[in-house]
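Look for chain A in each of the two complexes below; its partner is chain B in the first and chain C in the second.
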Partner chain A sequence: MTKADVEVKTTHPKEESETGRYRIPAADVYETADAYVLLLDLPGVEKEGISLTLEKGEMRVKAVVGEDPGIRGRRLFSETGPATFARSFTLGEGIDTHSVDAQYDKGVLTVKLYKHEGMKPREISIN
Partner chain B sequence: MMMRVNRFPVVHPMWESVLDFDADLDRVMREFGWPMLTSRATRGPLMNLVESEKESILEMELPGVSKEDLRISLEKDVLTITGERKAQGIPEDAKWIRSESVSGKFQRSISLPHPVDPKAIAAELKNGILRVVLPKGEEMRPREIAIR
Partner chain C sequence: MTLMRWTPARELPALPSEVLGIQKEINRMFDSFFRGPEDDGLQTTSWNPLVDVTENDHAYLLNVELPGVSRNDVKIVVQDNQLTIRGEKKQEKESKNSNYHRVERSYGSFQRTFTLPSTVKAEKIEANYNDGVLSITVPKAEEARAKEIEVKVK
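Moving on, here comes the complex of A and B:
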């Protein structure tokens, strides 16, 4: 294959946060024989706070960090930035967008994007 | 191993825009595919620390870290968080296309703004966030003094 079927876009996601500010989560992608596996660091969000949208060869991920428990006081360190994560990915034609698995564990979202049957490597038996 | 002790107070409201810039810079570096240049890689895990009347609450981002690989210790008023994010294991026939997350060992020490009762510290790791509640020692709480 000449071109990766999961391309990480560098343009801004279409869906942004209400305040217009968001963070781009770190992404890891690996390819297996039958799928592409995408791992996104989304610390501090609940499973329900994650939206995963597939539309016209694009996958958009948006996640909102859980409610601030309302800690009042002096902020001595404040490093984590905006409370919304957003990033989009371009999917090639080799991806079967009807079969996608996603799970969230320990602050990491794992999305498994299966390849179309025709894109999987096949062993040809010799008669 | 990386060792860094952060002295408070680091964030005066005046500097918050600088931190925002820091986060923006991280984003730009990541967009250009240079995650190794982000501050997360050099400084250790990102955190927030808020001091209120009765306690300080620390929240540190540790996605992909298991409870078993995390250690918290307190010596005098220096809190140290040590741990490891195990590298993602992939099947033998798989290949990496992109790798931005930071894995491996980390350590971060924070000089707390007040003495803490070590027995009263509570820590929880949930959804990739470590939350440590550090109650102030009795003598540090503001008290109202009755006038006779």
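Moving on, here comes the complex of A and C:
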């Protein structure tokens, strides 16, 4: 198994850089025996506002912050930035792109990318 | 209007946590370098959540980004016109023993304090937590509300 099975590379998604500004969400990546797990901070986004696309070894995440009708008014200061999150990840060959789990909870998107059978550690019994 | 950001006391540096120590330390060095002399003080908390503050005719609204923080791990305290948000982001059990390739998200305790204007109803402050964002509504007192007076043109 090569080290860079899930290479986390931030690329600039085409459509976003054409239409304007977006935020790059903070990400954690960890590896377990059978999968790579990606955690992405997407605060203020509704589940329906997230799109996750897998194509040719690349995973794209895009999320739009839902507008809270209660916060309309004069902005005194803002630290958060644009209301769109976008980030791309390059997936290594060892990832089975057909089995991906995604969950969204408390503003965090968790994506579980399973390794191909042959990439999982295997215990061999001794006769 | 004096809704100001408060810089935590320049005290001892936060002890690096055992797991993410080096990464955090480096982040902190970069942060303090780019933040400039004004905010250069060492901090007692591990991270500062990002905040947006909006004002309308009736209230001040604070939106605090707390992704991955449980509702029960957040505390909001108002004392002497100071509103403090503090809490802790705990790392999930499963991920603790895993092999990390990249850590950009913040963990550990956080704190932010805001000085409220005197013309607010501190006892009527409300808070909601949804999708990783804590929304705090601080209603204005009557005298602070914008009054519309119609001037008749003769």
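What we mean here is this: the second predicted complex is superposed on the first by the 116 of 127 C-alpha atoms of A that agree within 3 Å, B and C clash if a C-alpha of one lies under 4 Å from a C-alpha of the other, contacts with A are read in each partner's own complex, and residues count from 1 in each chain.
Criterion: contacts are C-beta pairs under 8 Å (C-beta built on N, C-alpha and C of every residue); 3 or more make two chains touch, one makes a residue touch a chain.
Remember, it's a predicted structure, so these values are computed and weren't measured experimentally.
Q: Do chain B and chain C fit side by side on chain A in the superposed arrangement, or is it a clash?
A: clash
Q: Using the touch definition from the top, say if A:30 reaches chain B (first), chain C (second), both or neither.
A: A:30 contacts both chain B and chain C.
Q: State whether A:43 touches chain B only (first), chain C only (second), both chains, or neither.
A: both
Q: Quick one: is A:117 in contact with chain B, with chain C, with both, or with neither? Answer first, second, both or neither.
A: A:117 sits against neither chain B nor chain C.
Q: For chain A, give the residues common to its interface with chain B and its interface with chain C.
A: 6, 8, 26-32, 36-37, 39, 41-46, 66, 71-80, 106-108
Q: For the complex, give me every residue of chain A touching chain B.
A: Spelled out, the residues of chain A in touch with chain B are 4, 6, 8, 10, 23-24, 26-33, 36-37, 39, 41-46, 66, 71-82, 104, 106-108.
Q: So in the complex, which bits of chain B are touching chain A?
A: Checking each residue of chain B against chain A gives 6, 8-11, 13, 16, 19-20, 22-23, 27, 30-32, 35, 40, 46-53, 56-59, 61-66, 88, 90-91, 93-102, 110, 113, 127-129.
Q: Spell out the part of chain C that touches chain A in their complex, as residue ranges.
A: Per the touch definition, chain C meets chain A at residues 1, 3, 5, 50-57, 60-61, 63, 65-70, 94-95, 98-106, 131-133, 135, 137.
Q: With touch defined as at the start, can you tell me which chain A residues reach chain C in the complex?
A: 6, 8, 26-32, 36-37, 39, 41-46, 66, 68, 70-80, 106-108
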